[in-house]
Structures are given as structure tokens and as C-alpha cells.
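Paired with chain B in one complex and with chain C in the other, chain A is shared by the two complexes that follow.
Coming up: the complex of A and B.
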């Protein structure tokens, strides 16, 4: 055996004994993020599942009534207030996906087509997205309450806007919906204009030369080419069913007519019986996941392989 | 460079941009409009303008009223103040009550600054570390990590809050601590990870190879070459995260109840018995000012880099 081979073997042995510096680097760089993720995602969600099999004192449920919490969630669905809560939440799907998104698409199109002051519109519309929801709700409700800017205007017609956020008038839910629409548009407009900006000018120029009308251009060129952004925003809007809780809470407080699933979970989480909100959350996740994934697949199917 | 020169430069740039857009609108075939199309654009302009006013006007109204005396506001809440006063700002600055946990606005702002800045610093750094290693190094489990990150982003988890509360209180014992808040904010595998991952993935490896040949260690390469090269996306992500954390309501409300941040504190303040609404308006104005300043400086950066999932507290 030559000396070179012996040396090589010795080196290999030495290498095996010590971990490579690059390996140490990888481990150190990933240690904290992986640990945090393991605790805050796996730990939290596994604990969430375990909570659904515990009672209100966080003791394990007896084996014969292990699914008691789940049964409770489904049984409560027949209570009118709970029914209304689910309906209230579903409204946000309609509002986000079929009102805010199309209106934003429309606005984004005109901004993209360089409407006068379009750049300013885009920035101003986006302003609510960078302000705390608390401030937005305070300013919005101040406008209608006594001493607000719109209060005397409506008072001329004999309407008391100070009652607009109180349960029983029937207007309170409209006030929350209008607020969500008002503050939600800017975010959608911004992402949609960014999506539209990627459309090559040549394509639009050739369409223009061929005499395509703005409406045709909008439906046959702009929408298919911004479809990935629209799909993402649609899915995001769907998640509003579970994610909307701050707006109704801060505007009207927790009242039956505006209560959502998210708000119920948020409120219950601050009590001691954590099993109830955890079970409700898990049931919603189990229902929402296939729907969201299905809708995503369906929407992606519409304008397949749009390349530009 | 003096501040006035930078401001002048900023406005000159804005003017040039506006001129360019104007030129395009007049001369580019794409934006030439005729007959009905012109009418449509005029109608849309009016609608867009009304919308814009609806966003600006309420805030201007709040700001103007914050300069009025309480008695003037009670008589007239529409016109411009006859007598401008800073009294409301002074009262708001000193205000504290049992509802606000005896914390003043300055303390709330201080808490917001601590949490937003340290949270941003930690999460952006942690995300950069994770994104860099996953994007640039071959190691067993790399695809698994990436797969899990994508999976967790796709699955819509509802209501993990109760479990989070229990874990923070009973297992980690980090409830109601600043450290606990930073821990909650310090996730490394969110949207920031995805943005930085795609940046590092497309980053040329040549500089790093050259540094490696010269004998630089992996840490040295990361801190001296890779991180500075990623300055652009890191600044963008930091600004977006900073605003997001500054505005966050839910996390401090639940996990830091004894020390409210400004977002939580304003809500508490609105619920406490204030002598006049003008004090609340002054507090709102005080809170908005730093955000508007940051937004006007970084509006382009923020808007170009915001993606679904980013921002919104």
C-alpha cells in the first residue's frame, strides 16, 4: 500500500471524527427558526387537537364521551344565535370575493390604464392597509357618532346615525360590511395593479391596433393575464370567513347580529374553557381545507397555462 | 447630504415621474382615448376621486378637530378651529386611567417601538438565516423543510389561538412578557422566508465561490457578502414587517395585557371616560404621524414588495 493512500485514509478518519464547519453553520442557522416553528406550528396545532378531547377544566374526557366537544359544536349549530354567527361569517366570503374583489379589479384596471391621478389614487387607497385597524374603526365610528361629520347631514333627514352601531337597528351589520369594503379595496387594488403591470405592452398595443374596445380588453386580456393574482386574492377573501373578527368587535362590540366565527373563538380563547374554541377551530379547519384547496384547483383550471 | 437637499431631490424625482406619466398618457397609443372611452374615463375619475376623498377627509377632519378646544368642538365640529390649541395633545400625552392600565401614551408608544423594532429585527434576521441556508446549501432534509413551509402556508388553520395561549402560559411561561412577544413575532418561515428564499435562489454564487477559495468561513460569507447583497429585499421586508407589528392588535392584546402598545392602548383609551373627544382625536393624530411619515418615505418600497399575507395587523 502506498503512503498516499494511507494518508488519505487517515484524513478521512479525521474528517469523520470532526463535523465539517459547513454542517455546523447549517445547524446553527436553522436551529432557532426550526425550533420556533416546531413549537409555534407543530406544538400549537398538536396541542390544539389534544384540547378538543379535554373538558372545560382541561382534563381528559372519558373514553365513552371522547367526542363530546365535537358533538357540542354540531349541536350548537341549531341555536339561532350560532346559526346567525355562521351566516354572518359567510357574508364575508360574498363581500370579499364577489364585491370587494370585482370592484378592486375595476379600479385597478383604470389605474393601470393611467387614469388621471391614478398613482395618487393607488397610494391613498392603500393608506388604510398601513394604519392600525383600531384607528380606522375609531375614525369611522367617530364620523357617525354624535359630534361626527356625517351626524348633522343624516339628522336633516331625521336619521340618527349615532344608533348605527347599536344592536337592533339592523344597520349595524351594514356598517361593518361597508367598513370592510372601504378598508379592503386598497390592498386588492395594489396587488392587482402589480399583476397587471406585468402584462407586456406589445400585447395591449396590438389589441388596441386591432380596435379592441376597453370592455373586451378588460374581459379577454386583462382578466386572464392577471388570473393568478385574482385566484390568490379570491382564496384570501375566502379566509375572511374565519379571519374577520377585529372589525365587528371594535365597531359594534360582541353582539349577536355582527358576531363571526373568528370573534367567537377570539372571545372564548380569553376564558378558561379553551376546549370549546379549539374544537370549533378544528372543525372549521377540517371543513375549510378541502373547500379552499378545491376552489384553488378549480380557479387554476379556468385559464390554464397563460404564458406571456 | 443635508436634509433639504434630500427633500429637494425627492420632490424632483416625483416631478420627473409625474411628467413621464403625463407624457406617456398623451403620446402612447395605448393611452389615447376617443369618444365614449373618454366619457368612461371621466366618469371613473370622478368615482375614484370621491373614493380618495373618503379616505383622506375623515383623517383630516380628526386632525383638525384635535386642535380645537373642547367647548369649540361641542359647538362646531365642522369648520376650521378659530383658536388653534395644543392643549389636547398635552392632555392626551399625559392621560392615563385604570382602563389603560395606568399607562400613558408615551409609555404605549415606547412599548410599540420596543416590540415593533425588536420583533422586526429578530424575525427578519431569522428569516434571512433560514432562507439563505435552505436556498443555497445542499443538506438532508432541505426539501422536507421547504415542503413543510409550503404545506403550512396552503392549509388554512382556524383557531389555533386557544392552544397558543395555553402553551405560552403553562408550558413556556412567557405570557405577559416582552420576551414572549418577541418569541411570537420571531417566526422564520412565513412570507418573509418565501421572499428571501426566491431572492437568494436567484443570487449568483460566483462572489461566494471566490470568497470560499480565499478561505472565508461560511459565517463570514453570510454576514459580509450575502446579507449586504440582500439589502434591497431586507429593507423592504423590514419596513413591511415593522408597520405590520406596529399595527398589530391581537398579539399584544392577548399576550401582553399589562403593558398595552399604542394599537391596544388607543382602544382602551376610547373606552375610558375622556373629558372630550378632542383628546382622543389628538391621540389618534399622534399615532398616525409616525406611520404616515414612514409610509410616505417608503411607499414605493412597501407597495412593490407587499404580497398576500404581508401587512395588516
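Coming up: the complex of A and C.
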């Protein structure tokens, strides 16, 4: 037996006896996200799911009325205030997906095409995305109050903008939607310009040499090639139906005309009857998940994914 | 380098893992050190420091305290943990009835049956309403016990600039009629009668306080108590919306709103410009700077307004008036704002006995005086009749006015243990159902918010949405 073979056998034995430090590191690094998932995601969510089978004192419901909370959620859907809350929430689907996203797409394209003062516009769009919502709502509402920038401007036309956030005027919900549109654009533009920046220049130059107009370029090259980003933003926009709560809360307070599902869940979860918000959250998830997955599958069918 | 990396990487990995695992555990509390979490709001935090120091000196027990303005959202997690980090929680909006039902609170019968350091019976020191409110029958064991101690008795109404009143020769109004003429006089002098804030962190609900007082006077306290049970005419919770009938049980609250509507709603000149959109800071400043003569507020007015102006002392005498009566021959009424504020003890606390001892200490004359002095006006929910407050009243006119309100008026509360209230949020139910107050809307559009129209909306809202409140409360 040669010396080399003997050495090799020894090495293999040593390998078997001691796990390499790098292997330990990899295991630990993999263990951490696994534990994180198990505790922070599964642990937290399983508790929420269990809450849906408990009463307001967080005691288990009797077996014959185990689904009482679910029945209540559906029964409440016929109550006017709840109906309005669901409708208010659905508005964010239209706003985020069919207004903010298309407008952002245009703005992102203009910035991508490096139009005059594109850098300034970039900052203008991005700024609302980097500032906390609390600050933005404060700035936004102050503009319309006495002493605000827009107050004297509207006053010239006999419009009192201080009433804009008051329930019953009918304007308060528009003020929240406009705010969400304003702040939503920055986020969408940021991701879309990043998506557009990845498009190879050669492709665009070649199209230009073939005489493709900017409009054709936008619809036939830019949109198909940024489609995965658009799909993601569309899905995020859909999630706004359930997730929007801070903007109406900070701008108008918890009032029926602007209350959303998210705000209702947030308010209810401040109390101790956590079974109600947990059930509402789970029912919404159960309804939304197939819809979101379906929409995603549908959107993915529009354009074939291209790798570049 | 590669060799070193091989040694360092597993160590880093272990550190990350052990950090993550350590975060999952719960710290064990050091027994013998009382830990208090309290709401950091209009009362400030000096009173806790003073009372805790005095208690530590008296009992030899260490006291630790944390001020937190988000306490209401943290209590649940603490009470349901293995060991609560805090023994006592002091705040408003604590769902103590629910916690009691779930067996998360320490039974405080010992406290109520015990004695204070002054040798007084604790029960004799507690206001009768407060003791009644703190006694609760738990669904869990079917037994009634004391589960909380009320923190403050409080007052709500009109805080005024006494120097401005003296300077212009204005008398403090004793009736609504006098208040009406006073507002006209103040406005004529180019001073704003009322500064208030409906925008931003809205405090339009401060108007509720005088309205409650007028309502109590018109309805009588017994009727108000019955109303707050929120049962229908047939005695069931299912028809509890009957309580919002503007021609029935809610008639007198409608009348109170009408008084507000006639005084404020139809006289925008009696409020700061666009009060419906004004921020609290701006309203506070108008009062602080002497541009407004009155501000609707709760007992914490002096401390909070001063704090908003960089803790600079007022350069005038601040007082709260007894809310002017509807009828000159009636008694004065005071809505005990803050009567719902609670002191509760976690059942999972390792220091339950010390916590109970501290609560008994809170009822002592020393603690009662200290609270008034340091919180600058508010009074604890204990009997002050045998406590000499003359020196504090002489030193601080605001304290003096508060003392007079608490001792010379009929004090009442709307706090209730009705399941409709405990199963929902109280502000979501009473008295403005759905938390829809109409003060701001009225300022924006008075003609669409007349008493008749508002109370028709209120009743319709109550009737149409009542089922939801019953479902939350799990009552039929």
C-alpha cells in the first residue's frame, strides 16, 4: 500500500471524525433563518389562527360553535358600517393598480429617458418614499389648514380647505386618496426606473435605428421588459386593500367614511378581544390569497419572461 | 487568513444563534423590586417619582418605574407572559374587565379590606363610585372581586384665563345663559372665547365634558346610570340602540348638543379660526398667549399646556370653572374625566403583595397630596375631605379651582361594566356611537348638522349597526 493511499485514508477518517468549521458555520447560518421562520412566522401566525377559535376572553369556543367568529365576520358584512369599510378598502385596489401604477409607469419612463430636469423630478417623486408617513401626513394636512400654503390660494375661490379632512364633507376620503396617490407614485417610480435601467442599451439603440417611436418603444419594449416589476407592483397594489391603515388614521382619524379593513383590524387589536381582528385578518387572507395568486398567474401570461 | 476564517466563522455563527435563542427566553424578575409601568400623558411623571420614593422610604421596598405612552397596547403581552416585567400598570383604556375575566389580574380584595399607612380603612378612603366600578364579577370563576383601583377622579369643562376675566370685569358664568352673554362680550373685546382643536391629533372630544354635565343635569344621575347599562326598553342588550332614540332616552343629550350648537356651532366667531382643522398645539398656544379666554379641557390642562410651551410657567392665573348650569336653581355637575383610569396588578407578578401594599400607600394622605402637587391639579380617586389642601390651594389657583369643583359639585361618571362597553371600545359607543362626533362637522357645515339632523343620524347609525356591537360583546 502506497503512502499516498494511507494518507488519503487518514484524511477521510479525520473528515468523518470532525465536521469542518465551515460546515458548522453553514449549518448555523441555515438554522438561524429556519428558527426565525419557525418562531417569528409560524409561531406568531399559528397563534393568530388559534385565536379565531376563541371567545373574547380568549377561552376556547365550545365545539358546537367553534366557527362562531367566522360566522360573525360574515354576519357583520351586512352591517352598513362594515360594508362601507370593505368598500373603502376596495378603492385602494383601483387607486393603487389602475391609477397610481400606470401614472408611475409614465413618470418612470420619462425619468429613464433622461428628460430635462429628470434628476429634480426623481427627487420630487422619491422624497415621499423616504420620509415617514407620520411626517408626510402632517405636512400634507398642514398645507390645507389655516396658515398653510394652499389655504389662501383656495380661499380666493371661496373654498375653505380647513374643512377638507372633516367627516361629512365628502372631501375627506378624496384627501386620503390623493395623499396615497402622491406618496405611492414615488415608491412605484423608484422600482420601475430600477427595472428599466436593466434593459440593455443595445436593444434600445437598435430599435431607435429601426425608427421605433418613443410611444412604440414604451409599449412594445419597455413595458414587456419591465413586466415582472409591473406584476410585482400590481400585486403590492392589491395588498393595499388590506394593508392601508396609517394614512386614513393619521389624516382623518378613525371615521367611517375613510375606515379600511387594515384600520379596523389595527383598532380592534389595541383592545383585548383579539379573536375579532384575528378572524377578520384570516378571512381576508383566505379570500385574498387565491385572488392574488390568480391575478399573478394571469399577469404572467401577458408577456413571456425574458432574461437579459 | 483562511485558517483564521475557519476558526472565526463558527464562533460568529454560535454567537448569532445564541443571541437568537436568548431572545426567545424570558427574563426572570428580581423579586422584591416593585416595577410599575404607567401612561406618560397629561399628568407627567414627577408624581410617580415622588410617591415611589416616599413609598420606598416608608416600606424599604425598591420601586422601579417606566413611563410609556403606548402602555395600552403592551399590557396584554405582559399579562399573558410567564412573568410580567411589571407588577402594576397605571393607565386609561385598560381592558381590565376582560383581563379579570381571563384570570390575568390579581384579586385586590385584600387591598380594599386593608388599611393605609395612616391607619384608615382603605375602603373608607376610596370614593363610593370608584369602589363600585372596580368590583367585577368574573365570568371565569363567577365570583365578584375588586380587580382595580381607580387612579383619578378628575374634572372636565372650561379652563379659563382668570386674569383676563378680572381685567375685563367678566364674571365667571354660573348658568348657560350667562355663558352665552359672556361669549358675546369676549368676542366684542376681540378675544377668542374658546380655543379648541379639531385637526391633527384631534381633541374635539373635550367638548364632550360640558355636554355630559348638561346632560347629567337635565337627565338626572339615576337615568344616566341606567342609560350607561345600554339595555333596550325590553331589558335586552339586543335592543340597546333604544338608548339613542332622540325622542326617548337620548332626548336630554340632544338638548345638551343643541346648547352647544346654539353657542358654538352657529357662532364661528366664538372659536379660533377654523377650529375644526386646528392642531392641539395651536389651540394651546392661543390660550397660553392670552388670545383665547377659555379652552375646553380635562383636569390635566395646566400641566399639558405648560409642557407644550416648553414648560414655561403661565403668566396668568389659570382656573377651571364649574360648568355653568342649564338652570340657575340646579346643582353643579362634574364629569369625572379620567375616572376610568386604572391601577391593576398582574397576576403573574412575583411581587403581588408588594404591589398591593403600594396601592394601599397610594390611598395615604401623603400620596394624595403629592399627586395633586406634582401633577398640578388632578386629584386621585380617594377621599380628600379630611386632607388639608389649604396650602396647595393657596399656592396654586388651578389646584384650588379643581378642589372646589370636586368638593362642591355632583360628581358623576359614565364608566360602566355593561358588556356592550367592555366588548367594544367605550369611545365607540358612548355617547357618540361609532365614535362619530359632530363638533367638527358642524363647524364645517352648521346647516347640515342641526340637532335634529345629527340625532336622526345618530339613532339610525345605532339601530343599523347595533348588531355588530352585540356580536363583539357576545350578547343577544
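Quick note on the criterion: the second predicted complex is superposed on the first by the 269 of 308 C-alpha atoms of A that agree within 3 Å, B and C clash if a C-alpha of one lies under 4 Å from a C-alpha of the other, contacts with A are read in each partner's own complex, and residues count from 1 in each chain.
Here is the rule we go by: a contact is a pair of C-beta atoms (placed from the backbone, for glycine too) under 8 Å apart; a residue touches a chain by one contact, two chains touch by 3 or more.
Worth saying up front: this structure is predicted, and the values here are computed from it rather than measured.
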* Asked: Just chain B (first), just chain C (second), both, or neither: which does A:127 touch?
  -> first
* Please indicate which partner A:39 is in contact with in the superposed arrangement: first for chain B, second for chain C, both, or neither. => both
* **chain B versus chain C as contact partner of A:298, first or second or both or neither** => neither
* **Contacts of A:29 with chain B and chain C, given as first, second, both or neither** => both
* Is it chain B or chain C that touches the larger share of residues in chain A? -> B
* Touching A:138 in the superposition: chain B (first), chain C (second), both, neither? -> both
* **Touching partner for A:233 - first (chain B), second (chain C), both, neither** => first
* Applying the touch criterion given at the start, work out whether A:21 contacts chain B, chain C, both or neither, answering first, second, both or neither. => both
* Partner chain in contact with A:270 - chain B first, chain C second, else both or neither -> both
* To do: Report for A:255: first if it touches chain B alone, second if chain C alone, otherwise both or neither.
  => second
* Both chain B and chain C contact which residues of chain A? -> 21-22, 25, 29, 32, 36, 39, 58, 138, 270, 274
* To do: Would you mind writing out the residues of chain A in touch with chain C in their complex?
  => 20-22, 24-25, 27-29, 31-32, 35-36, 39, 55-59, 72, 75-76, 79-82, 138, 141, 144-146, 160-169, 253-256, 267, 270-274, 276
* **Interfacial residue positions of chain B with respect to chain A in the complex** => 17-18, 21, 24-25, 29-31, 37, 40-41, 44-45, 48-49, 51-52, 54-59, 61-62, 73-74, 77-78, 126-127, 129-130, 132-134, 137, 139, 145, 152, 154-167, 171-172, 183-184, 186-189, 217-219, 222, 243, 246-247, 249-250, 254, 262-264, 266-267, 270, 277, 280-281, 284, 287-288, 291, 295, 299, 302-304, 306-309, 311-313
* What does chain A use to touch chain B in their complex? -> 21-23, 25-26, 29-30, 32-34, 36-37, 39-41, 43-45, 47-48, 51, 58, 107, 110-111, 113-135, 138-140, 142-143, 147-149, 152, 182, 185-187, 190-191, 194, 201, 204-205, 208-209, 214, 232-233, 236, 239, 242, 246, 250, 261-262, 265-266, 268-270, 274-275, 277-278, 280-282, 284-285, 288-289, 292-293
* **In the complex, chain C residues that touch chain A** => 6-7, 9-10, 12-14, 16-17, 20-21, 24, 72-73, 76, 95, 98-99, 101-102, 139-140, 198-200, 202, 273-274, 276-279, 423, 425, 434-436, 438, 440-441, 443-445, 448-449, 461, 464-465, 467-468, 471-474
